[in-house]
Amino acid sequence: MLTSIGAPSIDALFDEIEPALKTSHFDGIDEGVDEMTMIQEMAERARRDEAGPCFTGAGCYDHHIPAAVWDIAARGEFMTAYTPYQAEASQGTLQLIYEYQTMITGLTAMDVSNASVYDGGSALGEAVLMAVRANRAHPSNKTGGPRRIAVAGACHPHYVDATTNITRNQGIELVPTGTTDGRVDLDALTGMTGDRMPVAVIVQQPNFLGLIEPVDEIADWASANGVLVIAVVNPTSLALLRPPGEWGANGADIACGDGQPLGIPMASGGPSFGFLCTRSSLVRQLPGRLVGRTVDRHDQPGFTLTLQAREQHIRRGKARSNICTNQGLLVTAATIYLAIVGATGLSRVASRCHERTRKLVGTLTGVNGVRSHFAGPYFHEHVIDVGQPADRVADAVAELGIVGGLPLGRYFPDLRNCLLVCATEKRTDADIARFGDALQQVLNG
Amino acid sequence: MNPGETIFDIGKPGRRASAQAPAAGDAPDLPASCLRANAPRLPEVSELQAVRHYTNLSARNFSIDNQFYPLGSCTMKYNPRGAHRAASLPGFLNRHPLAPESASQGFLACLYDLQETLKHVTGMAAVSLTPMAGAQGEFAGVAMIRAWHDARGDDGREEILVPTAAHGTNPATAVMCGYRVREVAVGADGDMDMAALKAALGEKTAGIMLTNPSTCGVFERRIREIADAVHAAGGLLYYDGANLNAILGNVRPGDMGFDVAHLNLHKTFATPHGGGGPGAGPVGVGERLVPHIPTPVVARDGDRYRWVDNDQIPGSIGRLSAFMGNAGILLRALAYARMLGREGMRRVGEYATLNANYLMVRLADAGFELAYPERRASHEFIITFRNEAKTLGVTAMDFAKRLLDYGFHAPTTYFPLLVAECFLIEPTETETKEELDAFVDAMVRIRAEAETDPERVKTAPHTLPVSRLDDVKAARELDLTYSFGEH
Amino acid sequence: MNPGETIFDIGKPGRRASAQAPAAGDAPDLPASCLRANAPRLPEVSELQAVRHYTNLSARNFSIDNQFYPLGSCTMKYNPRGAHRAASLPGFLNRHPLAPESASQGFLACLYDLQETLKHVTGMAAVSLTPMAGAQGEFAGVAMIRAWHDARGDDGREEILVPTAAHGTNPATAVMCGYRVREVAVGADGDMDMAALKAALGEKTAGIMLTNPSTCGVFERRIREIADAVHAAGGLLYYDGANLNAILGNVRPGDMGFDVAHLNLHKTFATPHGGGGPGAGPVGVGERLVPHIPTPVVARDGDRYRWVDNDQIPGSIGRLSAFMGNAGILLRALAYARMLGREGMRRVGEYATLNANYLMVRLADAGFELAYPERRASHEFIITFRNEAKTLGVTAMDFAKRLLDYGFHAPTTYFPLLVAECFLIEPTETETKEELDAFVDAMVRIRAEAETDPERVKTAPHTLPVSRLDDVKAARELDLTYSFGEH
Amino acid sequence: MLTSIGAPSIDALFDEIEPALKTSHFDGIDEGVDEMTMIQEMAERARRDEAGPCFTGAGCYDHHIPAAVWDIAARGEFMTAYTPYQAEASQGTLQLIYEYQTMITGLTAMDVSNASVYDGGSALGEAVLMAVRANRAHPSNKTGGPRRIAVAGACHPHYVDATTNITRNQGIELVPTGTTDGRVDLDALTGMTGDRMPVAVIVQQPNFLGLIEPVDEIADWASANGVLVIAVVNPTSLALLRPPGEWGANGADIACGDGQPLGIPMASGGPSFGFLCTRSSLVRQLPGRLVGRTVDRHDQPGFTLTLQAREQHIRRGKARSNICTNQGLLVTAATIYLAIVGATGLSRVASRCHERTRKLVGTLTGVNGVRSHFAGPYFHEHVIDVGQPADRVADAVAELGIVGGLPLGRYFPDLRNCLLVCATEKRTDADIARFGDALQQVLNG
């Protein structure tokens, strides 16, 4: 090959690079090993993290994943393809995304969806940017003052953080309304009038604390006041709960969340994918890819990326977002998951999670010194008060081989004695009893 | 499967994969008002139907596992299955992101090792792994530049410079960070126009976003001069690491004078592209930006690893995702890096460069026009069909589509925007000479077709599941979801 | 890939997947005389080349995951991925076959449960899981029949009866067990010719091998009469369980009067066929043959499980494989059985029968000739193209090949041998009505083609990677291995 | 569907079956469970069998399997296809088998190979039947007396058992020659003259006890006496050791063995596959499937099953064997394995196993009371004497989490104090040290 090139050595191919730049500072990197050794090393580490039953949710859930999902999603044809820019050579990915768009809009009862953003946290960030673009009528667009986004009730603190960090440099400010009994303080929200009227309001349902928010009231207030509604939802819950498209009289304007519960392993929280849906009227404000159905030269149906003029590779500085690489493979898995479980399977999963969590709460609150912290209905997460600093309790329970919920003191100092617990359909009676016993042992010796 | 037949077309009310539904729970203990009235419209198929449908759909993709995929700027190289296996170990797959540190030492050790490895790879002082793709790495980088200026009270800097050849994410990122974009011209030799740069620099300059080798497929030779000029103007330099594969193990952004760099692990570190993602875009920073790196990162105390969060890095631009970015991709990258090691990384850069230069010379010898004929290729290079387009009416897009018929994925077309009718061709180091030769043969044959039977090329592809698609109709008559009952 | 291009054609001396070779050991401590002089000729390819080659090769197969595959007698139904996942759990995958019992309780418990399940399924007194496929199950069955006669000193019995419709493995097995085969005619209604049977029975009769439903696709109605006659003659009855899917959960061989039965787990219990195997052919036996079952089997004492070997079953026909047969297939079958449960098994038999009868009626209505028009289909049925062959010159084979073009795997052709120009069609319970209807449509279209354009059918297939292959040349000019240097 | 059929119910479709046969005796079978529950149950059992490092070989070896092997072999297109009877729709499987035939004959230096039989044990059974058919010139074919097959030296006792059981009913008798110092008693073998002259001789190399047999002497004696040579070989070892096709002046006549070391997990010993190779002149005596290269109607190369007239579905009672279903998927894995590791990789694996085993033997014989039982070179297995009943030692070592070799007393009463141990390339220094420590603890407290 060098002969064809007419170069004396590979080194010569780097002859346009200033010699001083060629470094030998790679000593910090070890020599390579063969696959066997690498796997052995990684397995040794992975083994250290093997844990017993998981009762932590908080945005990432230990659901059963049908074996077929990843057997198919991990096929080289899906896994090692690039973004489907050459539509004719990418009908597999393209049609799948079209099917995904149909499924996720079916779940959320929204009109349109993009092909994914990174995760639930960044999806909320994109939703906020989108709302600001979309709500052109809002006074803040004229005054040039900060664009306020109300956060109604208990939204996932990591989502709020990520959104703040993503939107901060565009003069956007997130304003929490505060909570009463773990749910939105409706008076505080509806008191945001005049100058304080937000561009949009974020509502998470079920909220971060597992509780059901009064989404109809919020949505109706918002739509009466020219405020856009951004819904943050858990897709599993949508098999049971009223979807954002049906909140209040007019539905939410934007629905987003994390697709992890749909066939994606917890895997330390990533990769999963963020979904982002909206009304037809706002489709041109959606960031990210969209797939449309069209026809080919012979009038046969086919699929292609469409409305690409919203995206960075065409619109550059004027794009709706800088997103390019998204979370395609996870969307592939989620689509296969939804096809396999169907509406019946998903609603069984949801009702089973709900039932398991009620059983869990019953068992845990049966332990001396433990009680439910908030009253009212919950889906598959709940806050329990363990009567002493919950972070230490969680560590002690972990010693006994149980991932026993999220200590909340880090986010809400007044909940420092509380754990946010969750039971999915995978948690057996024996798992729940084991957690109960562990908690008993930790709290009461 | 029939063309365009979706999973909804093959469903039937009530049909389902019975083994995939747990026993129903009791009636939910939830107020009726918050319950869903109608079940969502999801597919109603058997497990076999789902498996068959998606198996057959997958066959309608080109992919690295099936084809040569010389997509410039995308580094479509082989993704070792071993890395996928390592990341799929049960201990990693089942780890909850908020599991206690005591039950996460294996995972944390991996992240720590990857941070250290990438510090060496980039020549930077610190690395944060959280960005979830290149674009988020860019965002983190520019946000840190902004945080740095802000921290010093230097708040009049409103502009980010971007060369005209830059990837679209660069200007889009600058805007997301609240900056104005100022474009800087690229010279005829593919290097930056130094006069234009100097004219653009000034007290409004917050920084510049560059990739080197650039998207012109050449190494920016005056990079240190550029760095000095930008620094002298008070700006910082951001390195877009999407092209790092070209110089991996040989040259480091930190040594070129960059203050911050992102890496596309899904390119250089061989995690698969997944039909669009996921990726990971870790950022490495020089000393100045260390106080601003995004969280969380991992620290080590003796043989214990721990999370470091905003409380310990008060100047951090904060978290950009709900958890730890695309954690699984980070594990894949570590596995890949571990197999390569020091010498392997050097070979990556060398062979990527060798393959690109070989392919470039062979195509030039076969009569294709190079955009930068005087230059070495980096890991990629540009050819232009402006002559073919003019004389034969056959465009770069036509060549691209016809290549599909020959079993090759098309190179990147019409990017960078500044070269007309171009292909950006990146063969990567994992392809063989035989594959490159076969690609040249196909290109030569297509040009012969373009001369003798241009229609054949202009109406390509002819052998794929669909022929050329009507993009205009797709955008005009938006059909983004299946219409139940209408098909 | 180019047609016929092998892994050897794409190799190049010295090329290899570098991550797949451990560091070389020291020079071996072995006498030079026992060392190999020249390295074996194996492929010399990169890991990407190997992955791409075999990925692309796989696309040249039809399979259940891709197509309807109504291969009579083969039960090509959906193989749930969950069963594959269960058998691939690390504890199972990494278990050494000779690991101590104390470290094997999980595996032994699975085998024990499967033995128990299959006892219920077959209505037999004991089950041994070791046979590695149907044919080895047959071998075990007939060898046990022989052991039984021998144990009683009844050693003049030299014949095994086999119906003319029987699968080829039946007579071949009888011969491997040292028996002569005596064929018994099948009547025009698909049932056994009772007169012929009675004529054949006598003091030379060691036993009879039957499958019910038979390979004629009908249920042998006088099975109990047959059993009585054979038993009266001093022979035993062997049940070929390849067709059990038709009656699973509904009817049991033990109740029909059989003394021994094998099951094809790779058919009835849904373990995939793997392009030819592996399978598993457990045998169930009635009381008489319990002392002779092949080893090893698993026993349970309280909550401990243990191996039972020849020392505890002195009359056993012994082990038939190095270890425990196709252990992993047994795990898959258990996983499948567990998901089905009692009711699921019944549904398998019912829906397999429903689908077959539906397809039979639809094809008959469309004018195809049934071999046994007066009969119900079992899980399969026979149609014959003798008219089409005579009047149009289009044979069953032509129809079969043309079906491939329509995206359907062909049914079994020319089996059983006693029906001319036949298809044995088995849709299985996991296919949908829509799929069956589409198959009928294709059959109708092909017949129309046979009438208007017979060449099109006779030269099919036209859309596959190869057109019809020259079998005669393959046998005459044997080319069984790649000739290095010649291609 | 019932309407089309004209049947009132599914039950009616069974109306040709005597009602008394329809059973309800399935009560012993439990109700079905969903995939999640099934996996949980199976995982609970699999977990019980998870063990530490494995030092047992004896026909089944814990080698590293490149991740790509099963990712590709488990593709639905390979895994869920049937036997390639419809050649045009099965070119994937057929070409792969052709490539396999080339690789395995390359390894063994034989001319032809079939597409697999069940396992190593039954492969030897088929080899014996084949030898009997092939050696028509042998006197026993005229006299009608028992056909004797000599077993030279230490052949795997399970292989000998399976072979005896498979061939017994055809008047075939296996005659062991006995061993001296763990290797063939050459005098006993060459003493089998006249009436006692065997039809064929079986030689395993390396033999069951891990030792190197004098294969040249055996092969040369056999070929001088009209005795066919059946070689039983370990495919990994063939990267180092002289292959059967090159034994003595004329090579072995038949070579067989188990393909498990070639990319197949131990999985309790199955499924793996048996390979069976022979000389061109004996190809028509080979049982099982064969793939040949041919051309199609357009003269393009293609692959098809050939010489099917040897097989049961054509020849029925006169077939070479009753085998039908074979071990196709495992052949697929082994072919991909060999393609990925290549000759260099395989010889590295072999030499690494050899080196690891020497290290193991060194470590173990350093333990007080432990010594090598047989002198002489070995490949990757060796017999060590632990000075007390080895079955109890193996159990005690297992308690310490080590699968520590095969106690030999069950097979050879005079080796009751012996363990057959093995170390593959996967066994690290730490593993070996751990075994040494465990043995030390068990033997010396």
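A, B, C and D label the chains in the order they appear, each numbered from 1.
The rule is short, and it goes like this: a contact is a pair of C-beta atoms (placed from the backbone, for glycine too) under 8 Å apart; a residue touches a chain by one contact, two chains touch by 3 or more.
Small disclaimer: the values here were computed from a predicted structure and weren't measured.
When you average the Cα atoms of each chain and compare centres, the chain farthest from chain D turns out to be A.
Set side by side, the interfaces C-D and B-D show unequal numbers of C-beta pairs in contact, with more at C-D.
Chain centres here are Cα means. That of chain B falls 47 Å from that of chain C.
Rounded to whole angstrom, the centroid-to-centroid distance between chain C and chain D, based on C-alpha atoms, equals 21 Å.
Across the assembly, chain B contributes 15, 19-23, 47, 51, 55, 59, 64-66, 80-82, 84-85, 90, 339 as residues in contact with two or more other chains. Contacts with at least two other chains are made by residues 32, 34-36, 38-39, 64, 66-68, 71, 74-77, 425 of chain A.
Considering their complex, residues 18-23, 51, 55, 80-82, 84-85 of chain B touch chain D. Across the interface of their complex, chain A is touched by residues 35-36, 39-40, 64, 66-67, 71, 74-76, 425-426, 428 of chain D. Chain C meets chain B in the complex at residues 10, 12, 15, 19, 46-49, 51-52, 55-56, 59, 64-67, 78, 80-82, 90, 339, 430-432, 434. Those residues of chain A that touch chain C in the complex are listed here as 32, 34-38, 66-68, 71, 76-77.
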